[in-house]
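Note that the chains take the letters A, B, C, D and E in the order they are written out, and that residue 1 is the start of every chain.
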Amino acid sequence: MKLRRDTLPALFLEAFFRDPDTQHMANTSDTIEAAAVEAGTVDRPAPRFAGGLFGAGRPNLIGLILPFAILALWQTAAANKWIDPVFLPAPITVVTAFWKMLTKQHLAFDFLASISIVGQAFLYGSVAAIILGIAAGLSRKVEQFFGPTFDTIRHIPGIAWLPLIVLWLGIGAPAKVLVIAKSVFFPVFLNTLQGIRNVEKNYIELAKVLTLTRWQLVRKVIVPAAMPSIMVSLRYAAGLAWALVVVAEGLSGLSGLGFLIFRAQGLLLTDQLLVCMVIIGLVGFAIDRSMYVAQKRVLKWKQGYDG
Amino acid sequence: MKLRRDTLPALFLEAFFRDPDTQHMANTSDTIEAAAVEAGTVDRPAPRFAGGLFGAGRPNLIGLILPFAILALWQTAAANKWIDPVFLPAPITVVTAFWKMLTKQHLAFDFLASISIVGQAFLYGSVAAIILGIAAGLSRKVEQFFGPTFDTIRHIPGIAWLPLIVLWLGIGAPAKVLVIAKSVFFPVFLNTLQGIRNVEKNYIELAKVLTLTRWQLVRKVIVPAAMPSIMVSLRYAAGLAWALVVVAEGLSGLSGLGFLIFRAQGLLLTDQLLVCMVIIGLVGFAIDRSMYVAQKRVLKWKQGYDG
Amino acid sequence: PARAEEVLPSINLQLTPWTVIAQEKGFFKDAFDKIGTTKVNLIASGAADLLGAEAAAVNGGAIAIAQRMIYPATVHRANGLDGVIIWASEPSNRYRAPILARADNDKINSVADLDGKKFGSSRISCYWSSPFEVTTKAGLPFDSRDKQGRIRYTSIDNSAVAITSVLTGATDATTAHLAAGAFAGAWLSGKLKVIGRSPDDGVYVNNAGRVTYFARRDFVNKYPQVVKAFLAARERTREWTSDHVDEAAEIVADKTRVPLEVAKFQITHAGEWEFMAGEPNAERARNAIKTFQAWYVENGDDILAERGLTSAQIDAFIDGRFFVGGQYSIYN
Amino acid sequence: MATPGHLEFRNVSKTYALPGRPLVNVLSHVSFDVEPGAFVTIVGPSGCGKSTLLRLVVGLDEDYRGDILLNGRRITGTSLTRGIVFQDHRLLPWLTLEQNIGLSLENSGWSQKEKAEAVAEHIALVGLSGFQKAYPHELSGGMAQRGAIARGLASRPEILLLDEPLGALDALTRVHLQAEIQRIWETEGTTMILVTHDVEEAVYLSHRVVVMSANPGRVVEDLTIDLPFPRDRADGEFVALKRRILAAMGEDGGSRRDAA
Amino acid sequence: MATPGHLEFRNVSKTYALPGRPLVNVLSHVSFDVEPGAFVTIVGPSGCGKSTLLRLVVGLDEDYRGDILLNGRRITGTSLTRGIVFQDHRLLPWLTLEQNIGLSLENSGWSQKEKAEAVAEHIALVGLSGFQKAYPHELSGGMAQRGAIARGLASRPEILLLDEPLGALDALTRVHLQAEIQRIWETEGTTMILVTHDVEEAVYLSHRVVVMSANPGRVVEDLTIDLPFPRDRADGEFVALKRRILAAMGEDGGSRRDAA
């Protein structure tokens, strides 16, 4: 959360190539490793991680098994024509399509269009959700006021709202942002609320005794304690936002990955479809890992169960 | 979780008409109220709830403000033709349409069709998610194995998978169930996993010292501790499943609320559209509150922050 | 004399207005029983149509023979779907895919009024190919992904959104098949008006606007008699329907769950396509594809330009066995 | 600095409902007074309601019968003038030791510099210098308890409630902190209410010892200790008072402290 | 019932890294032996590494230098033969007292009836009858600690580690539980390793007292107590031993216990 922007790509690389739970250690151990060798042992979360392939960390090789297995299966299926290429073109075809889309068909532009929509929607949706979630978490009154309505509305399919949304916001960017933001809102809201409900009463009592103001209570006690819960919903919601960009861009427009997906599906341009799917998947993954690393840093005090 | 089936409707009523956090007290206070009057005071979570309208509990009147306000606004907007009736028919029209659909157009049948799809999908999706979530929570290896792949796949829009799903499962019920179950899976999986990661290390150490087996660890320590987190995701996912029934039933078929919504949109039968929206919303709300009450009972040991 | 063929005991077909009539009136039974196909399942494929999923359904065998407009069918073939067209319709007409605006919008009364206005429709169907021709000929090309034209074209795939957009003013015009389930209601509500139609001598009416049925090549090769029976049943249904409109409308209303007036409209509207006559001549059908492909490529269709079919491919795509003079033709 | 107030317990009673054991009379008609600036110690067996009583004074629980009056007014809610050191340390796991102590000064109105000084001073006071940046899980049990004491002292409340603050400490550290608490009490004039299990500690530190008993939780003895400070633990009167308190707790005969 | 084993500490060292304070030598070359069936007490100032040492013995942490051998084999992992009562009570908040104690018997192999009996018996032993169905948050601090003791005793391990189990208890309860622990030690032959801050308790109960000191955590004195049981706290030799241990801890002069 407190990360400077320029550290994010680095974080991502770190996230991918290192075992998640050596992250924190890796930071401190650089400076103390030498001393530790002389002075005794250095405590590590678990000894099994000591001495990885890349020094302090170990690349997450296990995590690469499944993707490569899928890739291999895909390649084999395509090579042996288990699945008609019109539904599953070979990986190399997809790469070619990617290159062509990138160089000749403004793929980068579509990508930016989508990421701008997704980014805005995620931002608005999650900020609103966290603020309202905290408000509802702090006060039963607020929860009771919004609760039944929210719990009713969130079950109603987004698609059913489309005509009303078009009526109010037209079919431009605001409508798309709203469609996505609405979906981002609910998981974050619910997890924030529940995260707060789960803050130990003891800590709230302490805050009362120290006569913390509401705002101090939120900042110093409630948000840190609810953070694990909030972070997991943000990670999830980021994925949801991407998944919904297709619905939103299907709403209107001639650009964006969602449009490309719709078009590719309607016309059975499966290679392009797969290009879009892979891009969205990888970008989503990158976002996810960055958030994971951010979460690890924010929650470095957390003594949870490491598996 | 341990509720008998026949108590569910009762739970729902209780949930709606009582203030959530008087639930637990209400159960015990029946038996001890008399004694308490003589012997001294009885501890209640907060004195403000003492002496409600309906005896022990108080109806959640606050929660009714917003729905009624919306209803009033709707009626006014319709009466004054602020919005074209083609987009927003008056409430009474909707009620009439509801009655007609119920008596003449097999609405109950569509409802059952949808609820069967949603129920199955929710069951499969959430059971799979909880099992895999626990497995990944228990073992970093499992998490690392699935993690990157899941975190990539879940960002890819469900709609993009449709051709492949249809190819494998056709367009019948299994395809619909899969489309919904996939969406149910991820929030539950992530929350289960994170819920487990947040279990206090102290408790895990205790379990180790008592040499609990994996299964005992799961049943006695990890699941209870992660339960708040799992429950919130289940509540959320139940809503998601409803929201997706439209997508799934739009895929194919001539029955179900999803079909009705699609048809209503196409034929501009806005009154029927609203009937479906209201039904889905209310059913979703009912499910949600039942789960909430179940959660309160399961988590009666929990000393959380009550707002 | 037909070769000995494998018997197909049951067949899955799309649930459409004509198939429900054929099922209800026993036309399928009459046609299929003879060749041992005793069971016909009608499958409502809903939005799957739009999403290319019905191609997957055909490929996976969930649907044996599917209806598709000739333009997307061609692109599917170009992308490698191993199917053949076993039936194509006669040329379309000007009523099929008109340009629509809001009835009370007096600023827009003709195609010329669309200059600089917003037009929203699905990019992958007739809703694009028909107005594309009209406006291009009127000197008002659509915007495309690469360059700006004279009309702000935006793709709207969800039909409800396309209609809502026109009705609320988010867009100024759209194109739709009035007889399609998704639009009949809006049209019958009287809130829309027609401001332009495809020219009678145009590419759309004569070529690109045709309806086709396609199936997997191996399916067709294995069960040509089934295909023939299917086409025969269709022909019989068409004839019966034109003689019994009211009864047909009732069947359609009941089986496809639409209001009766909508069902009747879908049968009787001049722009309907369910009950069109077939194009008997395979060569004319092939020429239709060749002609519209050339025309669209020439006028800047980015998709066909890249993925066109060669002449030979087109020739093979239209399966002559089911047209006049063919071994399994119903026109003989 | 602090202007201490007069604290009165008037017939305070409280009941809890427990599953399978309908009602627990945790406090029954508890009445006693605490003079401004007094040092009162509460002793009594485990579970007799000592912590419950402190919770009422600090204002965390207003659901009881009877009255607790401060300067004649019933206590409502918490206040910076009433501090407490909980029986469990309750350091927030996401704050470092330093931040945890700083938290009690958030609303003190002091300048940043004053706050930082107060924090550093109290960390040193409890012997935790060098652990400023440690998180609670990196502290030992006794260290965490000392952290909690530092937090309680740092904000200089008028009334400070100490719920077994020295329980987890070794004798040396304990004696040191007893002396510090006494010094602060003398110099600042804070009213101190201490819960302890160590009767010697009670007699050594306080003006008054309130002895409670369980089932129901009630006051069974209220002793004034008139010995001058600093007290001599070997003094005859001291030992006699100790014995009397132990007797009140029902511990005479066979108790090891008695024998000492 | 239990077949006790021989426990050896060989040059055990352990270091923690702390932010802003690079390395803490928590344990430095700790070596001593514990005979089968012995009662060994560890005393030492807060933060000197006592709890850390117990964590190593129980097998929760294998990341240290040197060896801890049980019957000549290095300890790996936890085992039902080695039990511990943690310094914090660690009762699981979602289980009732009864269930919490029952948890330690899950893998005992006993019948349901035996388990139920053992649970009931140990609840009575620590004086919590009537609170079987109470959740931990409904117990007082001392009651929770007694619950933890009951859990530790119930499964009858061969080696039982007790980390300040009596810290939060009043003198009467404390004496009662000391007697119970001693009785169990005698009748079951359990090897007991007790951490306490109460030197008198150490001398009263144990065969051996190991005195530790901090910075780095190390053993500074290892005393055998040869007095016969039951011991007399007023006995001259008893008092002399107490004094010697306090001296080793650096507490002589000015200490109140010294003066007693």
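Just so we're on the same page, a contact is a pair of C-beta atoms (placed from the backbone, for glycine too) under 8 Å apart; a residue touches a chain by one contact, two chains touch by 3 or more.
This structure is a prediction, so every number in the text was calculated from the model and none was measured.
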Q. What is the minimum number of touch steps required to go from subunit A to subunit C?
A. 1
Q.
Quick check on the contact network: minimum steps from subunit B to subunit E?
A. 1
Q: With contacts defined as at the top, give the pair, A-D or B-C, that has more of them.
A: B-C
Q: Would you mind pulling out the distance in Å between where the CA atoms of subunit C average out and where those of subunit E do?
A: 83
Q: State, to the nearest whole Å, the distance from the C-alpha centre of subunit A to the C-alpha centre of subunit B.
A: 22
Q. In angstrom, rounded to a whole number, how far apart do the mean CA points of subunit B and subunit D lie?
A. 46
Q | Whole-Å gap separating subunit B and subunit C, where each centre is the average of the chain's CA atoms | A | 41
Q. What are the residue numbers in subunit E that touch two or more other chains?
A. 16, 19, 88
**Q.** For subunit B, residues that touch 2 or more chains besides their own
**A.** 87, 159, 162-164, 167, 202, 250, 265, 302-303
Q: List, in ascending order, every residue of subunit C touching at least 2 other chains.
A: 51-53, 55-56, 59, 160, 164, 168
Q) Can you list the subunit B residues touching subunit E in their complex? A) 202-203, 205-206, 208-213, 216, 220-221, 224-225, 227, 299, 301-303
**Q.** subunit E - residues contacting subunit D, complex
**A.** 16, 18-21, 43-47, 50-52, 87-88, 96, 130-134, 138-143, 146, 163-164, 167-175, 197-200, 204, 232-234, 246, 249-251, 254-257, 259-260
Q | Of subunit E, residues touching subunit B in the complex | A | 58-60, 77-80, 82-84, 86, 88, 90, 92-95, 103-104, 106-107, 135, 137, 155
Q. Okay, in this complex, where on subunit C does subunit B touch?
A. 15, 43-48, 51-57, 59-63, 159-160, 163-164, 167-168, 180-186, 189, 191, 256-259, 262
Q | Of subunit B, residues touching subunit A in the complex | A | 16, 19-21, 60, 62-67, 70, 83, 87-88, 136-149, 151-160, 162-164, 167, 186-187, 190-191, 194, 196-202, 204, 222, 228-229, 231-233, 235-236, 238-239, 242-247, 250, 258, 261, 265, 270, 273, 276-277, 280-285, 287-289, 302-307
